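What follows are several structures.
There are two complexes below, and they share chain A, which is joined by chain B in the first and by chain C in the second.
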Partner chain A sequence: MSSKKGGLYILWEYKLPYLFLLPSVILLIFFLAAPLVSGIYMSFQKISLRGISEFVGFRNYRLLLGEGRFRNNLLFSVLYVAGNVGLSVPLAYAAALLITGKLRGIQFFRAIFLIPFIVTPVVSAILFRSMVNPSFGPITALLEMITGKHYIILADSTLAMLTIIGHSFWRSFSFIMLFLAAGIATIPTELYEAGKVDGAGAWARFSHITFPLTKIHLTIVLLIITMWTLQDAETVYALTGGGPGYSTEVTAVRLFKDAFINFNLSYGATIGVFLLMMSAVFMVFYFKLMGGAEHY
Partner chain B sequence: MKVKDTISWIGFLLISVFVLFPLFWGIRTSFSPRYETSLIPSRLTLEHYQSLFVRPAFLLYFKNSLIVTLGAVALTLPLALLGAYALARFNFPGKQFGILLLVFPLLPLIAILVPLVSYMYKLGVYDSFMALILVNSVFNAPFALWMLRNFILNTPVEIEEAALLDGCSRIGALCRIALPLMLPGMIAVIVFVFITTWNNYLYAAALTSSMSVRVLPQALLSFIGTWGMYWEGLCAAGILTLIPPLVLFLFFQKWFIAGLFAQWSR
Partner chain C sequence: MKIFKKKAVITALAVGLIMWMGLVPSLAQKPVTIKFAHFYDPAAGPGHAMCVEWLEKTRAAFEKENPGIKVEFEWAKWDEIDIRSIRDYAAGIPHDVMMSSPQLMPKHFIAGDYLDLTSYAAKWLKARAEDINWTPVWKKCFPLGVPLGIHTRLVIYRRDFFEKYGLDPDRTPEDLDSLVKYAQLLTRDTNGDGKTDIWGLGSYFGPSRATIELHFAPYIWHFGGKLWDPETKRADFASEAGVKATRFVYDLVNTYKVTPEWAVSGTHDDVMLLGFLGGKYAMAAGWGSYWIGPVEEKGWTTGLFPPKPWGKATVADIFVTPTKPRAQFTNAWALSINKLSKHPDESFKLIDFVVTAERLIDYPDAGLPTLLSMWEKPELQTDYYKKWLEAAAHGKSMPYTAHYGELADTVAACLQEILIKKAPIEATLKKFEDEYNAKYAGE
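Let's turn to the complex of A and B:
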């Protein structure tokens, strides 16, 4: 074939994959890699609204870390991530073990379960806000029925934090469950049969077969959910605006408010670098975990 | 086994109630008279939906969302098709960097939004549909590309090879043989890009400022500001916003779910 079409064709054939990938790569370099570099550069500058910038070294970092509010932003991010991951991953894992039986109707239920994942985040935030509204929200009513006290949920800093965690839990629970169920389904049934023959009970089969073989799926889903929760600005902003006070103002919300409402571009860029560093820490941590899983 | 099945069914039902309750609440509230307190309203009303449609602005925002979303789908699909085909069907130095496509979607893209806005400003597209279409396409392309790559890996290469031997060019083989086989993957990508773009608030909030290019999630948040606690109207607007992605998802859920989970667990 190639002899018929000549040397030019071989060159064409050799270059084809690069040519096919070129548009994506150019766009990613221009709109992802380049902004990343200039974002880091901007974090060392003081940028005025008129666009005049001067180099100020680590001044933005020093100012931010010197703020009690910003240290709380970092803390609330960790709380928000830990709250959502700590609640959703164990429960979703238990639910995944439960639903991996060979039941009819799983197709239908799977679509239903995945609905929270595809619901517009701003819409689910509005639905949750209306569920905790003080005049007729069902969650407020339930809470008042149990405790006998009157509540304005989003005006209470602890309850507001629980609301944003609960909302993320609702959004991510079924995604995690289906992800882990897909992982569990890849385990060959012969392993369980062999386990039964060897007299392993349900717990032994779980701890020696299911858990080690799904450790990698657990690690990946932990990473996904951590990253999504860490960078989530829009649902928290739509639910509480970071309030009451600054008590639910996670780092991503602080970035959003500083950069796009108060137009403090230097702070926006600097908080972005902080978010990237936090992501890197989590990624390294989980990759270490995954490395441990491979040695198992 | 009987007992285990029963437990599973109870689990299914509990999870379904948990998942569907907020949606039920939203639909219920959007049809209720104002300040209705009981879970099942005594009478239903369409007044909140009517109040949305008498405002021309809501329809404008709906149209804007549709323009941005369809634009992003139209731009992402060819990018993903070409890239995915290259990654699935060719061996070439540098291919191993393809795994980066799974790392990009995890990065906190909000972190680079500030410099991106100043880029868009310099390009002269700040506050335009073009900016939103570009950003949504670029940020969704890695995920879409990887998703499609997995679908292509699952279609047999032999048919394409036969076409090549019969004197079909690479492009000819791609268009006439591979493309129809990729249809499920393409649909999964279309649904994925449609849903994520339609749902996005952040990029629109960062990259636009005028009302004429405002999209639905922005509009919903601004309604809270102007309407105060008019929950019935807010729920009605929210439910209407949900309909396009929800219908698309339920219609093509089989392929969408296959694309979504195959790509992570591979």
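Let's turn to the complex of A and C:
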């Protein structure tokens, strides 16, 4: 009987909560779904500088996928994300464990660790650029001292990619660390005490208590950092401009150049759709990787 | 009752009239604020800092002469200011006076973001119009903009280095072969540590429009080619001439090693202006007329900025780019009015005020005078300025394509791939040209 009274009946029965939800739903549709649909729609059009648009089907997708440059843009984005996440998450996790411990002077280090996070991205990118300057950059000088060779870091494809990953790592590290530290701090101390009583060592306590209970935090932070890195156009553009050649031109930089420098809105929108798809793939991958989160 | 109503109406009218009389002048006196979008950033080096000072001085003078108009500055990066105008126009965001690039006028023409200035220019007296509209740059700017000067480029060199290494500072290279020979002779490791301290020929191949304009176009023109074909509306830089030009710049960096490898990174100002002023180059190609001021400030010329009849290049002198057409990219910054401007008349008043001999004479970025009357002055009859005039006379512009930005990006990225990764020249040029044409051929 109740099954017959499904959807609409439930809606009517619980109308008050749905009414309360309605403003948020409208706002979500207005600010999230509408631009998304509009962006996807634009990707199927050719838009002139006068704003005159013409439906071209999959032409923009075909042209972009047929371009070696764009396929590299996608590849470099994956490398950029993998490099940043692979470097910053494990190290930040370790640092989070460190700062949640009862160490002397930890307050000072918490403040220090926050500095990269509060510096404006473009400013820190310009700072990094000067640090790798071939004439006076301290990083260049250090490399030269160690290897005895002269480096022009931003003129070398691999080193330029490592520089943008390094910069992104420097920026993400403190955020990830604080986020994970907050998660670790919520684990009841009783669990650790019980573990100790049961004879669990440090590793066992970490692998059976800390890690499972911070999986959800880890998943969220992985998602946030991946989205940030994937969508990061400003710092890469300020650091390398996508060069040398196109060797650090990640998808977001390409989008920025096409949409906002050269004003090719339709290509920009198409690249945006690709970015969206990449984000979705990463999201599914992380959820699969982390499995279900543990609760206590 | 009737009398009372009549009195009330008369009183209301009188009060209204008094208020109106009081209000109108106060409204009239309320200053109009116009925005002036520029791209000078004091942190970007001495050239920019001098221009910011000039802008402040100009604003003060304009506001003094026009008490009813206030000027506010807006800022955008030099290679983004045009696109910002187009983007903001599409979004309905108004601007007033904006600095603009002649090579992007086709894009502005299509976007329709700039006001047609024909009706304003028509009000100029004949003598005033002829003083402004003689230059070839005018044709590239008008009716969407009024040029502020003539920007051309040539080669700057250090007379003291020439003398030190046995060259006559009054005899400069006449062709590309001798340019390379001079550069090889002048490339030096001065302290014997195995590293080059003075590079024979400074050039720039970074991710910027400056690469195609100043350090590639002159060579492709030399070998008889072009960057873009106006007939077919296709990129044409992978032609035989393009291959020869690329081979030439490749050799500068990788074979003759007279141009540093780091010329592919950093900003144009950092690599060229600061590099030359920092003593890193004996000669520097693509040297702009907007950098006359910083060289004077460095003390390497005297009486050349602002120009004096006795002006002389003491340490840093110049010669016209020694290619066959002796041509370098020639353009100018222009002033345009955004179509959404609420104060176009006041905006043009500002443009008219700026484009005068009195204002332009000490505008560091003007390059060479856009006003014909200024050239007759004795201070511009010196040998130094005659060389600039020769360079300007041979000047060429960038292709008149709506996708100029994309073309510039493509060529810069292509050259970087060839110079750094040592990718095969012909195949790489072709690959990049095909990619560009696949999207933009035929416009």
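One rule holds for everything that comes next: the second predicted complex is superposed on the first by the 248 of 296 C-alpha atoms of A that agree within 3 Å, B and C clash if a C-alpha of one lies under 4 Å from a C-alpha of the other, contacts with A are read in each partner's own complex, and residues count from 1 in each chain.
Heads up, the rule we're going with is that contacts are C-beta pairs under 8 Å (C-beta built on N, C-alpha and C of every residue); 3 or more make two chains touch, one makes a residue touch a chain.
Being a predicted model, the structure only gives us computed values, none of them experimental.
Q: Classify the contacts of A:63 with the two partner chains as first (chain B alone), second (chain C alone), both, or neither.
A: The second partner, chain C, only.
Q: With both complexes overlaid on chain A, does A:257 touch chain B (first), chain C (second), both or neither?
A: second
Q: May I ask you to name which of chain B and chain C touches more residues of chain A?
A: Looking at chain B versus chain C, the one contacting more residues of chain A is B.
Q: Is A:34 touching anything from chain B or chain C once the two structures are fitted on A? First, second, both or neither.
A: first
Q: State whether A:157 touches chain B only (first), chain C only (second), both chains, or neither.
A: Second partner only.
Q: When the two structures are overlaid on chain A, which partner does A:55 contact: first (chain B), second (chain C), both, or neither?
A: neither
Q: With both complexes overlaid on chain A, does A:245 touch chain B (first), chain C (second), both or neither?
A: second
Q: Check whether A:203 is in contact with chain B, with chain C, with both or with neither, and answer first, second, both or neither.
A: Neither partner.
Q: What part of chain A is shared between its chain B contacts and its chain C contacts?
A: Touching chain B and chain C on chain A: residues 129, 133, 135, 260.
Q: In the complex formed with chain B, which residues of chain A make contact?
A: So the residues of chain A in touch with chain B come to 1, 13-14, 16-18, 20-21, 23-24, 27-28, 31-32, 34-36, 38-39, 42, 95, 98-99, 101, 103, 105, 107, 109-116, 118-124, 126-131, 133, 135-136, 138, 141, 170, 173-174, 177-179, 182-183, 186, 217, 220-221, 223-224, 227, 230-231, 233-234, 237-238, 252, 255-256, 259-260, 265, 268-269, 271-273, 275-276, 279, 283.
Q: Which of the residues in chain B end up touching chain A in this complex?
A: Spelled out, the residues of chain B in touch with chain A are 4-5, 7-9, 11-12, 15-16, 18-20, 22-23, 25-26, 29, 35-37, 39, 78-80, 82-83, 85-87, 90, 92, 95, 104, 106-119, 134-135, 137-139, 141-142, 145, 164-165, 167, 170, 195, 198-202, 205-206, 216-217, 220-221, 224, 229, 231, 234-235, 238-239, 241-242, 245-246, 249-250, 253-254, 257, 261, 264-265.
Q: Where on chain C is chain A touching in the complex?
A: 79-80, 83, 86-87, 90, 107, 110-112, 195, 206-208, 260-262, 264-266, 280, 402-403, 405-406, 409, 412-414, 416-417, 420-421, 431, 435, 438-439
Q: Tell me, which parts of chain A touch chain C in their complex?
A: 48-51, 63, 66-69, 129, 133-135, 150, 152-157, 160, 240-246, 249, 257, 260-264, 267
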